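Below are the C-alpha cells for one structure; questions will follow.
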C-alpha cells in the first residue's frame, strides 16, 4: 500500500537524488544516514548524486509483485554513478537483449507506479541507456 | 484480507460449532486442538457445542477495524455455553442498553462480513437474546 | 551466570512523526543510549518490534538497524511478543550477556505506527490477538480490554471513576516528563466525557498511537564499573510468561496470570517482594490494565487496584508510585519499543535523574511489559548497584 | 558457559497445506521434537517466524504456540531475522541454556505462506529486503539474487550450467528424503528449459513456497545424557552476523560477508575449520546462493563454487556433501522454519538415521541459515557428543 507519509519523507532522495556526504571521511551515503558507517561521523552535507553512470549488474523481472504485474517484464539494475555511489533502479527504454554490463546509462525522472484510478502515484529515477 | 484457504479450514468450527473433547479428561476445546492443555491427551472426539448460554461479559465496538466500519456500533461478547465452554462472538438483535451480564442468549448463524461487490463472504454464529 | 548491569539508556523523539522512518527512529534512540553509556562499540543487538510488516511493510528489522547504525557485521536479532516485544528483547539481551556470549549488548525496540491510517492501525494491532477467534468477530484491542474491565467491575466493584483516575494520575506524571507525547493534564470529568471507543472504555482510557524507539546498553556488572560514564544499574530479576492468546480460554478474565508468573520468577531471582519496590512502571495500554497489573504484581490484593488508585497510593508521593513516566497513556506507546522505554524510566529514577517526577531515594524499581491481552508478559527488577 | 546439546528434532508436514494453520503446523513439529527427545516438559520456547503479519495476519507467535501446545505459562518469544529467523531462534535458545536461565528449551520455526496468492507472497517476502530502496523499484527476491548471480558469473566465470547443477544435485538428494516437498529428480535440461523468473534465474533455480514448521529440543550436555532417549548431539559452534540490508551498499556483491563472519566465529568456538566438516546444510534459496555460501564458508576458494559443484565435490559421496536433505530447493522453504530444519538434518546425519542419504561416519556437521540477500546469517556446528 502506498501511504502518503512513507512516500513524502523519501522525496528529497527520490526526486532530487539527494545523498549525505560525511564531512569527516567524505563517504557518500544514499539514502542519507544519521551516522557514518565508515568513520562514525555524525555530520553530513547534502549532495546531489550525478545523473550518469555505468551498469554494474541487472536482471529482468518476469514474475512481478502484484503492484508491478502490468509492467513485467522490466529490467532492474545496480548502477555505478560517476562519483562512485551505487544505486538500484529500473533500467528502461531498451530491450533485454540490448543490455550489457558496463554500458553507460543516464538517470531520468519517471513514474514508478500508480495506485488504482484515484490513488497515489510514485515517482523516482530510472536508468536509460546513453546512446 | 479474506483468503479462501484461511476461511475454508475453519468451516467445521465456525459453521457447525464443532469442538474437540479430550477423551482422557473430558475438557472441551474450541477450536479443536492437537494436544490437551489440561492432561496432554492427544485423542479427541468431535462434539457440537450447545447453542444456548449466558452472557459473561461484553463491549460495544464504536471505533471499528476498517472491514467492520459499516457495522459499528456493534456488541461483542463472551458467552458461557450450557456445557461450560466459553466463546467469543457478536451479540446482535438488541440495543446496547438492553444488554445485561448473565442474560440468556441463543446462537444463530449469521453473516460476519462481505468483501467488496464480488468478494468473499464470511459467516459464523452470533448471539441473540433469548426472550 | 554473570551479574548484568544497564549502563546506558536512550529514547528517540516520540509522536506522530511523518518525517521519520522506522530505521531512523531506532538509530536515534540507539545513539542516545550508546552516548549515555559512554562506550565506543557494542557486540550485538536485540531489537523488539511488533509488526514491522503490517505497519511499515518492513521485516528483517535487526539487520536493518545494524546497517543504519553502521555496526554490521555484528549479530542483530529482532524479538516479537506483541506489545511486550522490547521486554522480551531486554530479557534476551540479559541472557546473551549472562551466558558469556557477548559483553556489551545494545537492546531496544521500535515501532512506526503512523504510516497506516486508524483502521489500518487497529487491524495491525489485532494481529496480537487471536486472528481467527477474536479479530475475526470484529473485536478490537480496546474492545478486548473493555470486556476485561466489565468483568473486573462486576466481580470487584471497580468503578468507572477509578478507571478514569488512572488516566488523571498518568497525565499528571507525564506533564513532568519532557519525553511525553501527550504531556497535558486531564481531569476526571474530561476522561468521563471523552468519546466512547468500546464501552466502558473511552478515548482517554486508551494509550495513543506513537512512532518511536527506545534503547539501552547492558554489560556484565564487573565490566560496567570500568567502562560506564555513569553509575551502573544492576538487573536483579527477570521473568517472562505466557497465557492463552484468546480471552475465551482464560480461567479468570479478571486476573493477569502471565504477569503474576513473570513477577514470581523475577521476585524470586531478586530475593525481594512487591513491598520492597520504590518505583514501578506498568503496561497501562488501557486504564483497566494498570489496575489489573497492580493486582498481578502483588502491589495490592486482588480487586483492590481501583481503590488503591482512588486513595492516591500509586501517585507520586504515594505508597508506591506507578508510572512516574506518565505510562503508555501520556508518554506514548510505540508498541514494540515500550518495554525498554520502561527500563529507561526506571534507570532514570534509580540514577536520581527524573527531575520533577523523581521518587526520592529510589533504590529498587520494577518494569512490567505486556503483549496482547496479557498472553505475554515480562517483569524486570533493577537496583542501584 | 555450559555445553549445550540437541536431544530431539521434529518437523511438521511440509507443502501447500490449505487445511493446516500456522499454530497447528508448529504444534505438530514441536510434539515430534519433544517425543524424539523423550522429555516430559520444556521450560521455554523460542520460535522463528519471518512475517506472520503479512502472510497470516497473525503476530504474537510465541504466545500463540505456547498456548496451543498447552504449555503456558512458560516464556515464549518469537525471533525474526527474515529467512534466518529460525537460525536466530536456535542461537537464542543456546544462550538461554548457556546462561543457566533455562535447562530444557524448545526451539523451532514456522511459516504459513499459502494463505496469500503468488503476488502477495512475493510482496511479503520483499519485506526482508530494503522496502524503500529495493522493493520500491519492483525488484523481487529472485531478482536480487539474479543480480548477484550475474555479478558472480562476470567476475569468476561461473556458468549457467553450474547453477543448474546445484538444483540437479539437491533434487537428487531430496529424492532420498521422505520429508521433501518436491522429491522428484530434475535434469540439467529441465532446469535450463524451465520458465524464466528473473534473468538468469529460472523457476527450477528457486526454492518453493512452503507451509511448514520445524522444532528441536536443547538442554545442557550433562543433563542430556540423563534425560534423552537418543545419543545427544553437541553444539560446538555458533555464529551470527549482519551485512547491509540493500545490495547497493555491499562492497562486493559476489561475497557473503555475513556468512563468512558468522562462520569465522563458529569455527573459532568449535576449534575447527571447513576442512573438518563431514556434512553441511546451506541456505540454497536460489542455486547461486549455494555456490556463494560454499565460498563464504571456506569450503572452496572464492569463485570456485561453480566448478566444485560441477566436479561433484558436494554431492553425496563427494568430498564434502552439501544439502543432503535436498536443501531448501527440494525439501521446501517455509522461510521462518528453515534454520531449525537444517539442524534437523544435521542431527539426523550425526545420529546415522539419514537412510539412503546417510553420509557414512558423519561426526561433525554445519548448518548455515541466511536472511534477505545475506543481510543476516547464522552458522552452527554440531558434533557427535
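So that you can tell them apart, the chains are marked A, B, C and D in the order they are listed, and the count of residues begins at 1 in each.
Here is the rule we use: a residue touches a chain if its C-beta (ideal position, glycine included) is under 8 Å from a C-beta of that chain, and two chains touch if they have at least 3 such contacts.
Computed from a predicted structure; not experimentally measured.
Student: If you take the mean of the Cα atoms for each chain, which one ends up farthest from chain D?
Tutor: B
Student: Just curious, how far off is chain C from chain B if you go by their C-alpha centres, in Å?
Tutor: 31
Student: Report the inter-centroid distance (CA atoms only) between chain A and chain B in whole Å.
Tutor: 49
Student: Would you pick out the residues of chain A that each touch at least 2 other chains?
Tutor: Only 6 qualify.
Student: Going by the contact rule already set, what residues in chain C reach two or more other chains?
Tutor: Chain C, residues with two or more chain partners: 21, 56-57, 67, 72, 120, 123, 126, 132, 135, 246, 249.
Student: Edges wherever two chains touch, nodes for the chains themselves; is that graph a line, a ring, a star, complete, or other here?
Tutor: other
Student: Give the pairs of chains that touch; include all such pairs.
Tutor: The complete list of chain pairs in contact reads A-C, A-D, B-C, B-D, C-D.
Student: Name, in rising order, each residue of chain D that touches chain A in their complex.
Tutor: Residue positions touching the partner: 118-120, 122-123, 126, 132-140, 142-144, 146-148, 150-151, 154, 195-201, 246-249, 253.
Student: With touch defined as at the start, can you tell me which chain B residues reach chain C in the complex?
Tutor: 6, 10, 30-31, 56-69, 71, 74, 76-78, 86-90, 96, 101, 112-113, 122, 124
Student: With touch defined as at the start, can you tell me which chain D residues reach chain C in the complex?
Tutor: Going through chain D, the ones touching chain C are 1, 21, 44, 49-54, 56-64, 66-67, 71-82, 88, 91-92, 94-96, 98-101, 123-124, 126-132, 135, 238-246, 249, 257-258, 261-262, 371-372, 375-376.
Student: Sort out for me which residues of chain A touch chain C in the complex.
Tutor: 1, 3, 5-6, 8-9, 33-38, 40, 42
Student: Which stretch or stretches of chain D touch chain B in the complex?
Tutor: 18-21, 24, 27-28, 31, 56-57, 67-70, 72, 114-117, 120
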